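The structure appears below as structure tokens.
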Amino acid sequence: MLSAMPRCSFTSCFILLTLTTLSACERRGGCTGAGCGTLIDAAVSEPSTLLPPSSEDVTANDIDEQLFLKLADVGMSTNTVGDEDFQPLLAQKWEWDGPLTLVFHLDPRARWQDGTPVTAADVEFTFNAYTDSMVASPFRPKLRRVASVTQRDSLTAVFRFHEKYPEMFYDAVYHMRVLPAHLLRSVPRDQWRTAPFGRQPVGDGPYRFVRWQAAQSIELVADTNFFLGKPGIRRLIWRFTPSLPVAVQQVIADQADIREQLVTPDNVARAKAAPQLAVYTYRGNVYTYLCFNERTAGDTSKPNPIFADREVRRALTMAVDRASLVASALQDLGKVPPGPISSLVGIWDPDIRQLPYDTAQANRILNERGWRDHDGDGIRDKNGKPLEFHILVPTTSALRRQYARLLQEQFHAIGVRADIDELEASVVSQRTASGDFDTALLSRSNDPSPGSGITQSWTRDGLGGSNFGRYYNPEFEHLVDRAISANSRDQARALWKTALETLNADGAGIFLYSLENVGAVHKRVENVQFRPDSWAALLRTWRIPPDRLIDRDRVER
Amino acid sequence: MTLGNWLALVVALILAAEAVRALRHRALRRERWRRFFRHRTASWGLGILTFLVIVALAAPLVAPFDPNRQLDIVHLTNQPPSWTFLLGTDLLSRDVWSRAVYGGRISLGIGALGALVAVSLGTLVGALAGYYRRWIDAVLMRGVDVGLALPRIFILLMAVALWDGLPFTALVLAIGLTSWFGTSRLVRAEVLALRQRDFVVAARALGVGTSRVIFRHVLPNAAAPIIVSAALGVGNVLLLEASLSFLGIGIAPPEASWGNMIADGAPSIYTAPWSTLFPGLAIALVVMSLNAVADGVRDALDPREDGGVE
Amino acid sequence: MGGGAWLLRRVLASIAIVVAVVTFIFILIHVAPGRPCTENLDPRVCEQLTRQFGLDKPIVVQYWRYLVQVVHGNLGVSYSLHRPVADALLETIPFTLQLAGAALMLDFLLGLALGIYQAGRVNRIPDVVLSNSTLFVYSLPTFWLALILLLVFGEKLRWFPVGGASDPIFCPVIDSFFCVVDRVWHLVLPSATLGLVGAAGTARFQRAAMLDVATQDYVRTARAKGVPERQIVMRHQLHNALLSFITRFGLAFPFLLTGAVLIETIFAWPGMGRLAFEAILTRDYPLVTATALIASTVVVAGNLLADILIGLADPRLRVHATTDADIVTA
């Protein structure tokens, strides 16, 4: 081309290439034997803080699971009643000191990663922080029934409750991760969200925090002196890829090891076809529903002209062929939930009575309530107002966006017009929280116990909180109270069944799908256990046999 | 695809070919148009554009299905192209061909409208700056600099994000309002050169009013950059609409536009590539044709041109 | 018109432009409906934020406070990221510059090479094939091209990584030559996506420009005089090519900084575009305003540099250069 441009002579190019290869080679060798291993998780959302009480973010929860310990945790059965199925963690043993008092004895071997021992003072501090309104933790309402937490001595913490109910132990241990008082006491409570500790946490768990490359990755390394046993995998890395299809691609191309949720049937098929991946199915803890706002959008003092009418809600629910929607979008990766619960929860019962799919009846009801097509435009109207509303969907979920379009068409078939508003996730949160919406397609994750979740989303306790639609039925609340305080599991099931049937009959929301989780993990990993309520809870028990180590496992740094 | 649809399609093809041929005959009389038609790509581009516009206008005749109808969400999702579904079906069991045809109406409409606003505004500003010069020129061109310092996507995103429920026409207007800066510079340069020419000086000496001078003497001779801007502008707006839809802020469902078809089909690109492939190709085809036509116009109207370029 | 006076005028104009951009963004944000208090914040916490950031004061007061703040080097705290804005932005700048730099390099080198090659073989088969190919590539939506490249080269062939800016195990920070190579390896696909489309445009433009020049008298004379073809090409066309590229660069730069959000999202490249996009959608006012400030400063500085270079190279061109490229990128 142009003789003026420098030409790479054969020798210099060769040298360059050799240098590069050699410098790559210097990374080989390193860790061999058991206890090596690096796992990369292709994560989608990046947390904003790793301080447990300040975040509800899914990824933050997974990472905090490795960094901070709870007093005890549920077992694989996720049974939340009583205390037999719980595994001791920070608490070595516990006993009841009277019907309303629970005493925990901490494991003396537990240490914070800066060497300080974990004491009951930390437990007391943690409870005060979680319930402090200045911290504004989303877990605060869940700890309502715990009256106080005090320390009897440095290794004994005492929990006192307001009243007796079956899930006292669960409430005491599940929601809080114990925090280091000596490091957080000096942080002003209203600045916990922005505290530097949240970006460089110090915990007492099986893994230690190493680094956080903003917008790229978070790295954790195993604590070899962890008192409950050295973790099997030496290094865990969460790598952030904002686009789910690209994250799946990374796992398929063997550039990541774990994708805990594949979500769509397409992704599952591709993962199954990848030779190096093993696919695991586990019960899902998320359900998705269309929330009706029973108050006027933007003004919670007035009833909603469309959705305050119970019959209209019922008609709209009956107009949607939920089973076909699941078959279309999820095939066998989802089920129609019989209420606001996911398949994880023990009270799931396909016999719970729900509104049937019946467009004829839906049309009839709407006619009876005065919604007819008076002006011949194909959309029903009443008193000059058309039966139309907006569906709020977060842009982050392709599945929900697909569902919004499916719903739009289902409503269109009975003369109802739905417009789709796709907005950013935090804007959707803000608008649903302030009641500035008509309907919204929301996903909620269940705790293993239905009680706290359902109370928060569908009763008076949730008004101003997670009960976005402002649904209220005193009969339903009464049933829920009785179900929560029922003495036997069978009694509880029967009561929950009746409660959910009441909720369904009211058309409180259209419960669309509960995801069956399918995750993909590299074949070389053994002892893979996904606990349904929190997939990463048992990461420390995963192992890679020494004869199956690959390059990224061996890296020593 | 019914027989009627195929017939309509063939008729559209013939019409487009005939239109181009007729234009060519008429054009042989004038030097400039001869130069335009000498470029094979330019004539092909014109032909393709005409064909696509006719198809878009005749959408009900060419499309066998209602573009928004979900035919069978359980059994007919992501079907590959076949004789019934010429371009297959998408994730929601809608016929891709029908959606592409009706979507063409919307996409081409947005392109035309957006380009119209952009070119009109750009021409006006550029003409004023070039004609009056001095401080008007300085102020206007600094304004153009400010407009160029931030990319369109940034401003449009802000407009959409800050005003929930921005109506579609407002969005197109916003696209037009952020796309005129380049055109204004070009027109300004052209006007600056033209205002020294004899016929303009003569007109001004004769006392012809400024606006008349601008509109009847200067601008017609500055036609080349204006037409080229318009042609390329339509293409840019099309690509912009595709980007906005991919980000989730384009045309609202269930209406189809080429951009939101790509966005809807993107998650299934590995298993059902046709739902993203065809709208993408359609956009590429339109933009290519526009570019080819713009090339032809540029060469045809450029007074400096006396040797063939292609 | 002395060089010094011209320079001073340009610098002052540049500063004015940056201020104008920031003012515009500021007004736009505050004119639009919607509160800055996002998330289910306790009303008391929201109140606190409002007081802390003075969000209830009149807009002029807020504007003045902001300007003062910026002059002192404090860009505010991000509502959505819970960190100082400056930290978040500064982290993204190296990535953005790497992507922009690589894309521009590919654009210029490949485009120039193609343009010259084509002009040397006008209307022959390679020229026709390349012309149509560049036309096609130029007309593709970039994110579409990105998805295709990622599928073919990332997943199927596994030649390049599927997204990300660096290997999280070996090179979370660049601390060795190997890590530099790693970063380049991760840079290939995203910069190729941006660069290829740009190169197609440059090639088309260069080809036309060179053929334009080829017919001009002084070139014909030189050729008639027997000056070797290579020399003609080098002296005249390269010089012009460089000048026009510098102009186009000035216009393409804003896009590469904050407009490449789609590419950055698809390739998980932690650049400024993605940050700006998320900031806008979450109504994170401090971050949005700061991004506009930094982006426009870089753009304006780039343009100033470009104008200086052009002014030095060819004093005749010391006005705004205008090229057809303007319409393409603006």
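Read from first to last, the chains carry the letters A, B and C; within each, the first residue is number 1.
Assume a contact is a pair of C-beta atoms (placed from the backbone, for glycine too) under 8 Å apart; a residue touches a chain by one contact, two chains touch by 3 or more.
Owing to the predicted nature of the structure, the values given are computational and were not obtained by experimental measurement.
Chemist: Check A-B against B-C and say which one is joined by more contacting C-beta pairs.
Modeler: More C-beta contacts join the chains of B-C.
Chemist: Report the chain whose CA-based centre is farthest from the CA-based centre of subunit A.
Modeler: B
Chemist: Averaging only over C-alpha atoms, locate the centres of subunit A and subunit C and give their separation in whole Å.
Modeler: 38
Chemist: Averaging over Cα atoms per chain, report the distance between subunit A and subunit B in Å.
Modeler: 45
Chemist: Suppose each chain is reduced to the average of its Cα coordinates; what separation in Å results between subunit B and subunit C?
Modeler: Roughly 24 Å separates the two chain centres.
Chemist: Give the residues of subunit A touching no fewer than two other chains, as numbers and ranges.
Modeler: Residues 423-424 of subunit A each touch two or more of the other chains.
Chemist: Give the residues of subunit B touching no fewer than two other chains, as numbers and ranges.
Modeler: Touching at least two other chains: 161, 164, 266, 269-270.
Chemist: List, in ascending order, every residue of subunit C touching at least 2 other chains.
Modeler: 151, 281, 283
Chemist: Please output the residues of subunit B touching subunit C within their complex, sorted ascending.
Modeler: Going through subunit B, the ones touching subunit C are 41, 141-142, 145-146, 148-154, 157-159, 161-164, 179, 181-183, 185-186, 188-189, 225, 228-229, 232-233, 235-236, 239, 242-243, 246-247, 262, 266, 269-270, 276, 280, 283-288, 291-292, 298, 304, 306-307, 309-310.
Chemist: Give every residue of subunit C touching subunit A within the complex, in rising order.
Modeler: 37-42, 44-45, 48, 77, 80-83, 88, 91-92, 113, 116-117, 150-151, 154-155, 158, 161-166, 168-170, 172-173, 176-178, 181, 230, 233-234, 238, 265-268, 270, 274-275, 278, 281-283
Chemist: Which of the residues in subunit C end up touching subunit B in this complex?
Modeler: It is residues 13, 16-18, 20-21, 24-25, 28-29, 32-34, 122-123, 131-132, 135-136, 138-144, 147, 151, 208, 211-212, 215, 251, 254-255, 257-259, 261-262, 276-277, 280-281, 283, 288, 292, 295-296, 299-300, 303, 320, 322, 324, 326-330 of subunit C that touch subunit B.
Chemist: Going by the contact rule set out above, which residues of subunit B touch subunit A in the complex?
Modeler: Contact set of subunit B toward subunit A: 68-70, 73-74, 77, 91-93, 161, 164-165, 248-249, 252-254, 264, 266-271.
Chemist: Given the complex with subunit B, which residues does subunit A contribute to the contact?
Modeler: 244-245, 264, 266, 269-270, 324-325, 327-328, 395, 398, 401-402, 404-406, 408-409, 419-424
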